[in-house]
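What follows is a set of structures to go through.
Here subunit A shows up in two complexes: once beside subunit B, once beside subunit C.
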Partner chain A sequence: MAKPAAKLAKIALLLFVLGSFYLVAVHRHAERDAVRSTPVALTPDCVQKLDRYGLAVGRLYESPYAFERTGLHKSLRGYTEEDVRAIQRGCNIVDDTHGRLAQDPYRDRWNAKRFIRGSHATCNNCHQGVGDKQDAAGNRMKGSLHLGASWVMGDMYDRFTGLLLPYELRQMQCYINASNGYKPNIADDVIRDVTAYSRFLSAALDMTIATHYEEQGIDEVTASATHKQGDDYVRGELLYKQKCMHCHGPQAIGLEADGRVVAPALAGPNAWNMQSRNNFYFVSTVLAGFICRNMPKGQENTLDNQECRDIAYYISNLPRPAGDRQGPVVALQQQLLMRALPPLLRLTESSPSKSAAPAAETRAQPVLGHAE
Partner chain B sequence: MTLAQLQDHPVWRALLARIPMLIALGAVAAVVLWAHFAPGVASSSSAVSSEAGWESFSARYGMSYFGEDGQFVRAVQNGYNLFFHTYKYAPRFTRSTATDRVNACGSCHTAEDLAYAFVNSDRFEPRIGRRLSFEDQVRRCYIASLEGFAPTIYEPAVRDIRLFARAVAHHLDLTEGAIRRDGKR
Partner chain C sequence: MKALALALKSRALLWQQQLPAANNHLLVGLTLALVTLPQAVAFSVTLAGVPPHFGIYAAIWGVLFCAALNPSPVFHGGPNTAMSAAIGIILLPTAAPFGAEYMGLALTLGLMTGLIQLMFWMVRPLGRLLDLVSEPVIDGMICGIGLFLIFRSLTTFGGLPVNTEVEWPLWIAWHSFLAILEVGNLYAIQIGLITLATCAVLQQFQRLRHWAILVGIAAGTLYSQYLSATLGLQNTLIEQIGNLSSIRLVSPSVPAFTQDALPDIVTIVPGAVTLALLGLFQTVAAMRRMSRKAGGFTDSRKAIFADAVANCALPFLSSLPTCASFNRMWLVHKLGIHSRITIAASAVLLLLLVLFLADAIAVIPMPAMAAVIMLLGANMLKWEDIRPHLTNRREAIVFIASFLAVIFLDLFSAVLVGSLLAVAYSKWEQAHPNVSLHGNVLKIRGNIYFGSLPVIEAVYHRAVERAENLIIDISECYYIDPEGIRWLAAAKAAHKVGFVDRRSGDDRRLAEAAADRRTGEERRAAAATAPQDRRLPEDRRAVRRRERDRRRRSEF
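Showing the complex of A and B:
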């Protein structure tokens, strides 16, 4: 009698465990549904961006931006309440991926932080202007990694991967490499809401499908667009100290103040990994292009092509996490370098001159992710 | 070592005693290998059959914009084949036979329908209470209209139809959320 009873108890225990998993899954599902129907508290930049583009619930949508530019009324399909909330959440994720401005990051950002290893990476670091960077006159900027322009060119041949890369998979690559993190599921709200926001941007800016716009991607700097002096570590280091160190720190590991990222890490555990397109050794034209067009803050477009490549070359020589293709040995080596180098360098390096590195208190830089 | 010695060897005897388990393991390994390699055999080939009507379709919808040939163009051509000859190019996901020519996407939809569906996709659908992507809609068609099975969203049977829709949307100069002027939905 004891044996059948024990067997029944085992079966009951197994059923109980499985049932518990099922109930947890149902609870989580309901929780996500509840978040989807909750009004969204926008970040300040998203308020500005979405107001400007006239996002509202309605049967039809007409972009004020497109009307202002073309003088033509163009009615598009409007958005339901659910669509508007998805776009708003997408904007928030791009602007504030870690949810630093959110009351409850788990709910407000779908806890996007769980897909990022470090504490610095946010979409807006690279896709500036909440994915839609414009100059003071409201003109979209060339090579500004515009999310709307990327969406309309989604599925096209990607020369870095050799794939017809869907927009959602491109986002996954960002999480894995640029954020040195983990891959969300393609159907995860983190991905779908950013897609919804990007699609909205393309509608607001009247971008047609499968058309290449200048603001898509980076305005890359190739070696042939330089003085052809070769990319130089020494020149790069000197330039870095003069132009970049004020914000990004002497070892490029970024700067945080009061729990906010003032300047993101360009090296070290919080930076992009070796498989990211930002890594000069992987794609030598991207980081240089980004530097030329976006850095230093407030002095954009002041560096020449050779200088940008030299800085990019120097930055990429600094230790950073290995990517998924480098293997465990390189990963271990990079981890050791990232941990051992900063204290060693602090010991051996002479303190930088005042002109090269102003005191931390004078680093009056805007909080990253909030500067257009 | 003679055959008799081999048969007396403890390792050999241990193996003989585990024959059913080894067969089961072999079967599992065979299924895994088949699952890994078999679907890739067809999809890794970039060659696309040219079906009747492709040339005129390509000219009419300005496919040369994307180049005379290339991965994208071939994927769009495969999308064309899937769209008009679904029973032939997606037999795994349809229940129809090769003679059942009615059972194709093109029997119910036009290329324009697809392009407008694409630019209006990924919106909240009140009837089902959730957001519906273009891929979801294609998969629903495979299940319901084609009486078949749902491919994953990564399948060329879904992806190439999306690329086909994207190429047509480009030709029609559509933006996100474009509304049909002919009143069709």
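Showing the complex of A and C:
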């Protein structure tokens, strides 16, 4: 008699587990649906940006920016309430991925920080100006990683692997490598809303589909565009100390104050990982191009190409997390480098011999690089 | 009349007895065919980067070849997760997936794999090397694969697009799980849960066990058809197996061996070696494990031969390479039928299914298939198989290491990590013989060889200092290598010790035969020990007394 009872209990337990799984799923779906239909609290930058581009519910959409430039009225298909909320959430995700400015990071940006390891990476670090960087005169800038320009190129063939990369998968690469994080599912709202926002940007700026704009991607700095002195670590280190160290810190691990990231990490646990294209060894032209156009803050375009490449070379040599596909051994090695080296270096730098011999500092830093 | 009636009656009785058995064979064959089908489609499309018919032909011809050539009644070949994934990883840098060049290279890779495996069959020691995979390694791998199957099926179960193939599954599993809860397709989840619940409940009953998977898939498919009828497929967005009507009885193909492809072929040779090893390791390990479970034994060389020949033939039939499949063999074992005929029948049934019932198969929903694969994975995690390995510390470490290696590295590294640990442990064991000193008798239990000599020497030199007339008892040594013999001879030559060897005839003759291989000087040095060596077993104290007397005599 005991055996059938046990079997019955087993079956009941099984059905209970499966049933509760279903109920939890239904509950979470309802929660998402509720969030999709609640108004979005925008970040200050997003309020400004979306107001300027006249995002509103309506049957037709006319871009104020395009009118201002061309003097022509051009009507596009308008946005429903749901579309507007998706675009607003997309803007929030790009501007403030970690939800530091939000009351409820789940509601306004689908808790996007869940897919990011470390506390520094946000979309806005690279895709500056909330994905739409403009100069003082309101002109879009060359090689500014513009999200709208990127969207009109839609599904690109990857330059390096030759595979077709849909816009959604390109976002995933950002999450995996640039923010050293996890891959959201392609059907997740996190991906969909950023796509909606990018698409809205392209409409607002009157961009044409399948056209290559020079705002897309990076204004890459090739070796042939330099003084042809080769990429130099020592020069890079010196330049870093003069131009970058003030904000990004002596070991490039970034600067945080009052819970806000003042300057994001360029190395160490919060930085992009070794499989990101920011790495000099992977693609040598990308980080250099970014530095030339965007750094140092307030003095953009002051560094020449050779200097940018030297700095990029130096930064790429600092320890950072390994990429997912590099396996646990490299991951462990990089973790050791990141965790064990900074305290050792601090020790060397604060030792009394340092004041006597300034060479100690320059000797200590290359260790950091060579270790990689 | 009466005789006829009797004959008929007896015939009917005979049928009655045979019918359930034949029924069971057919049922198990059908279940196997239905379980293999989604795996074949998924492995070829998502992992190997080739069209689905590659996997399906592997599930038909690969299984048939193995059933014909491999005498093991528990062996089930066909497409394999690890091999398919390896093909994708090996070929991705050389050509674009699904292209003609890529498919040609995939066939070439398969043929090279077969030829390398044939070499493993011809060179006997190479084949023996594969036997070094121990039971805890295999069980650790089985548990890892079980979890891996559950994780891998999560996204399909929730009706979501598959995120990725070759990254660490644990991270993706967690995020996939959250994604199912939050953005999964609720209709897909309903179908998956109905299939899962039906299968799992039916599995609890001995009588219905064989029907569980079939009925589960049927229930899922019926519910999915109901949803499509009431809501429309465009609203439910349920993924189905789809059109397989392009599959014919045989589809001949030729591996790419052109002048143009030669540089690419050279670059994938190391990949072919990896693939060959990957297949053989799994085949040998899975077959040994499942044979032992079923209480049988099959020579692994025969399995290697079967795999090698099958893999040499399959590239000419547009098929992926074959090797043993842990999860399907587990299913065969669970269904309790060990017969090559059943396994061959499953391949034939699959062929008939895709030839004649392609329309019916096309509507089977993928979430139901994912649920079945998850169930297979869960069935592979059995506490009764894990528990024995956790009682011994060393086995537990080997087991856990290979389990974690499957989860965090891959199948091949799991084999390497586990086997290296297991071999290291057994070598460690051999290098530490039990050396004990009672009075002036130094007893050595274990091996005397280069690895264990330092351990023996340490005790020996301490004993020589303390005890006079030391006697070394090597009665329980079962292996002495030339270095050990030289050391014993040197110890003897220094006139410090005597020897006792009380092994019975055969062992002693072997030891003497070994002794004859010594150099002349060593033989002379050892000649003094000969009288004692030939001594018959007797009381240790008497031996010691006689030894002492002899020593005293020689002193004067």
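Going forward, the second predicted complex is superposed on the first by the 348 of 372 C-alpha atoms of A that agree within 3 Å, B and C clash if a C-alpha of one lies under 4 Å from a C-alpha of the other, contacts with A are read in each partner's own complex, and residues count from 1 in each chain.
Everything below uses one rule, namely that a contact is a pair of C-beta atoms (placed from the backbone, for glycine too) under 8 Å apart; a residue touches a chain by one contact, two chains touch by 3 or more.
A quick note: this is a predicted structure, and the numbers were derived from the prediction, not measured.
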item	value
Three-chain arrangement built on subunit A, subunit B and subunit C clash or fit	clash
Which superposed partner A:29 touches (first subunit B, second subunit C, both, neither)	second
Which of subunit B and subunit C A:75 touches, first, second, both or neither	first
Touching partner for A:219 - first (subunit B), second (subunit C), both, neither	neither
Which of subunit B and subunit C A:7 touches, first, second, both or neither	second
Touching partner for A:96 - first (subunit B), second (subunit C), both, neither	neither
Subunit B versus subunit C as contact partner of A:186, first or second or both or neither	both
First (subunit B), second (subunit C), both or neither touched by A:328	second
Touched partner set for A:307, first subunit B, second subunit C, both or neither	neither
Colliding region between subunit B and subunit C, picked from 2-10, 74-82 or 524-532 after the shared-chain fit	74-82
Footprint overlap on subunit A, where subunit B in one structure and subunit C in the other make contact	186
Complex contacts: residues of subunit A adjacent to subunit C	7, 10-11, 14-15, 18, 21-22, 24-26, 28-29, 31-32, 114-115, 161-163, 182-189, 324-325, 327-328
Partner subunit A, residues of subunit C touching it in the complex	92, 96, 155, 160-161, 163-164, 166-168, 171-172, 175-176, 178-184, 186, 189-190, 193, 196-197, 200-201, 204, 408-409
Sites on subunit A touched by subunit B in the complex	60-61, 74-80, 82-83, 86, 151-152, 154-157, 164, 166, 186, 192, 195-196, 199-200, 202-203, 206-211
Contact set on subunit B toward subunit A in their complex	66, 70-72, 75, 118-120, 122-124, 126, 131, 133, 153, 159, 162-163, 166-167, 169-170, 173-179
